[in-house]
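Both of the next two complexes hold subunit A, though its partner changes from subunit B to subunit C.
Up next, the complex of A and B:
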């Protein structure tokens, strides 16, 4: 019982299936508060399903097992999912019932570098700008748990690097627990404290990454882990 | 400027056919090629709403019809919007209400008139109910469709952000359904206009553009009938542009997409 107090997320024997097809198979997992977890896995390994289960977005699944997580959860999707009929700032503060919501949203927009886009329509933003607005919407709620489903997957390589740096800078103070689903082994290596590899609906590997930030790709510990992760994902690094 | 002029000229292309028909009509009647008690010239038709005692009734008739179409259209439109919202969002409402409405919709609109006059008499009530009915169906269908097509990813966002029920309606479902509702609104406005004029024409008594045309026909006054028909068309264009303006004013975020 005591373990539950220090863990932000506790998952026990969690299974999910859709129309009889098992996607998550008896997953058990403890995540300490403030840990940054990257979830790697091939397409169809169940990464997104696990994230949607924790977000409470899988009413249509047959569920078994249980989990506990903080009430204050934000979700960052791959697409920005801004409401096209709301200005950027109205999107960021959507549903916030705080008297200072507007001022806080303005400050958060300035933080993500969109201070001058507050009253713009989402359709006028670039892909990277939309994702910044989406990040601002997620973090304005000061979540205890941030669930991110390949949030930078659709961005070009340079924008992705900038967004990764921005995310690290912003969560430095808030220190939420983060679960980041990603295809990108380097992204996982650069950002996460812990890397999980999901295979056929269960956790196949669990690695701690204790290197301090900022990291860069050529550090030996990362290179070794990269080769291992790529191999477990079915890619022979030597062939590239 | 050059571009503006070119565009101005292009927009005049649409006027070629009506102007040609008008010239032909004017030539045929003023040269006396066609004669008879029912033949009138364009000039007579234009003059009759101003110079003729019976013709001057056109303005009051137009005002009455407009008031009727707005009142009836508003009642029917609001009911259609509400019903469409409920059947679009709730399975229970869809199962309970949709089959009935979709069946009743198959009845040709004007087939309702005998029944409505039996229920509501030959007065204002029947005309209003008929107009409301004409506006109801298009808005019901469009709203139901629009609400059903709200993108699932945005519904997920609403649920992740813990939006209240009221916020979900006003900030998610209704705005997301607006493009579909606008198409419904344009059809509903014209349908209600046709319904108003049709009810006035079929019932015959009381004031209104439909009764105005009917009485012109009974007096064999083709100038009055034609002036009425032209006003009817102008009224339709006016209502259509009102609906478009309303749509645009309510959805400023589509300005760049128009």
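Up next, the complex of A and C:
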């Protein structure tokens, strides 16, 4: 099929249920290579389940349907999941089999602003620094597909803005396909090329956001879309 | 007149309010931290009471020797060379059993914690062995191995193996599922996962078991040195019992206490080195 050549991710009739409870209900989705997709939805809408299905981390689910995606996938978790017994740099290059892994990891750490923390223990890092290290670990593998599960959800507002800018700067060169699960409508609006809203395990809305980067929250096109997205997530914009 | 009295009342009210703001700090519900060394106050009082009772003749040497007498006896025994010989004999037994038990316990825990076949074959057996007190095995082991050194080392070995296995196995099974998922998404091989994630993650549990094992190997020794031996601290204490030498019995007790404390300190030192990442924040 032609679609497989231009699309990084092709999902057909994908269903997942846990102990008889359906969480994903016949999802079909094509994502072109290099597209930044934000996945919005209320808690329990199935967005994390979809991400974990693509990451191959759902052994305990009853599965139907199929998908294709690149082999080279990185996952960015909400909790940074750094191993506490390894220094920051050893965490970043964990599992990397390239001979120049250490040098590459050092360069990547410098890139995320942790050049001086390479030999520090993860427990000495702040939440934002941990997530920078986690981002460095993901991008060092130059993934074709980056799956991010609310990576900035636990950070304070200012740190979150800095991390969003950092992510955009870093993926500018690599151009991986990105699927970002988020609760944050503004994050989706500022970062994504396309915003999907999941509801009860199916895709309820699919919006393209063609505005150039960098974006600002107060751009008219974004304001209109924000009101719509919030409404579809059950929040009336007028009440804010 | 009225003016003055009102102003006093107002003043009084102000002071009372000031008092109240002082008192606003919530009551301290937990005791304050103990200054260094204060922990020794209790033992020192007991020691002084014991010594005083001996000197005043309340405590007969036939019942319990005075601490000062025991210390003098201990020094004499070190000087005439008898104590070091017995101590070396006991240490050789305790540490051979400890080494073998820790080694076997870790190997079994790894087999059982990292493979399904291993868990099916090993875990049930060890859990049953756990329910049987080691000392209950003495008669059987004497029939098998005689009453020599092999029997004593074997029994220490089986006593030590259990806590090492239980704690290390539990640590391996209780591995953080988030770390397992991470290892999978990073594409680690099984060998890499064991080396970088499973083993370092189980290390704190292993050290807990090592401290239990070190205490246990000396405890088992006390009983085992009752059986057919001419050397060891336990033998020394039993012979002293026959001759009513309470000072030597006290020396033995002090030596066991010291060995326990020193062994524990050594394990804790190794632990703090191996798990230095935990102290990173100075906690």
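In this text, the second predicted complex is superposed on the first by the 240 of 240 C-alpha atoms of A that agree within 3 Å, B and C clash if a C-alpha of one lies under 4 Å from a C-alpha of the other, contacts with A are read in each partner's own complex, and residues count from 1 in each chain.
One rule holds in what follows: contacts are C-beta pairs under 8 Å (C-beta built on N, C-alpha and C of every residue); 3 or more make two chains touch, one makes a residue touch a chain.
Remember, it's a predicted structure, so these values are computed and weren't measured experimentally.
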item	value
Fit or clash between subunit C and subunit B when superposed on subunit A	clash
Touched partner set for A:123, first subunit B, second subunit C, both or neither	both
First, second, both or neither for A:200, with subunit B first and subunit C second	neither
Subunit B versus subunit C as contact partner of A:30, first or second or both or neither	neither
Partner chain(s) touched by A:95 [first = subunit B, second = subunit C, both, neither]	both
Which superposed partner A:42 touches (first subunit B, second subunit C, both, neither)	neither
Which superposed partner A:84 touches (first subunit B, second subunit C, both, neither)	both
Subunit B and subunit C footprints on subunit A, overlapping residues	55-57, 73-75, 77, 79, 81, 83-86, 94-95, 121-124, 137, 141
Footprint of subunit C on subunit A - complex, ascending	55-57, 73-75, 77, 79, 81, 83-86, 94-95, 120-124, 137, 141
Of subunit B, residues touching subunit A in the complex	153-154, 156-164, 167, 171-172, 175-176, 178, 251-253, 256-257
Residue numbers on subunit A that touch subunit B, as the complex places them	55-57, 73-75, 77, 79, 81, 83-86, 94-95, 121-124, 137, 141
Of subunit C, residues touching subunit A in the complex	178-179, 181-188, 192, 196-197, 200-201, 203, 275, 277-278, 280-281
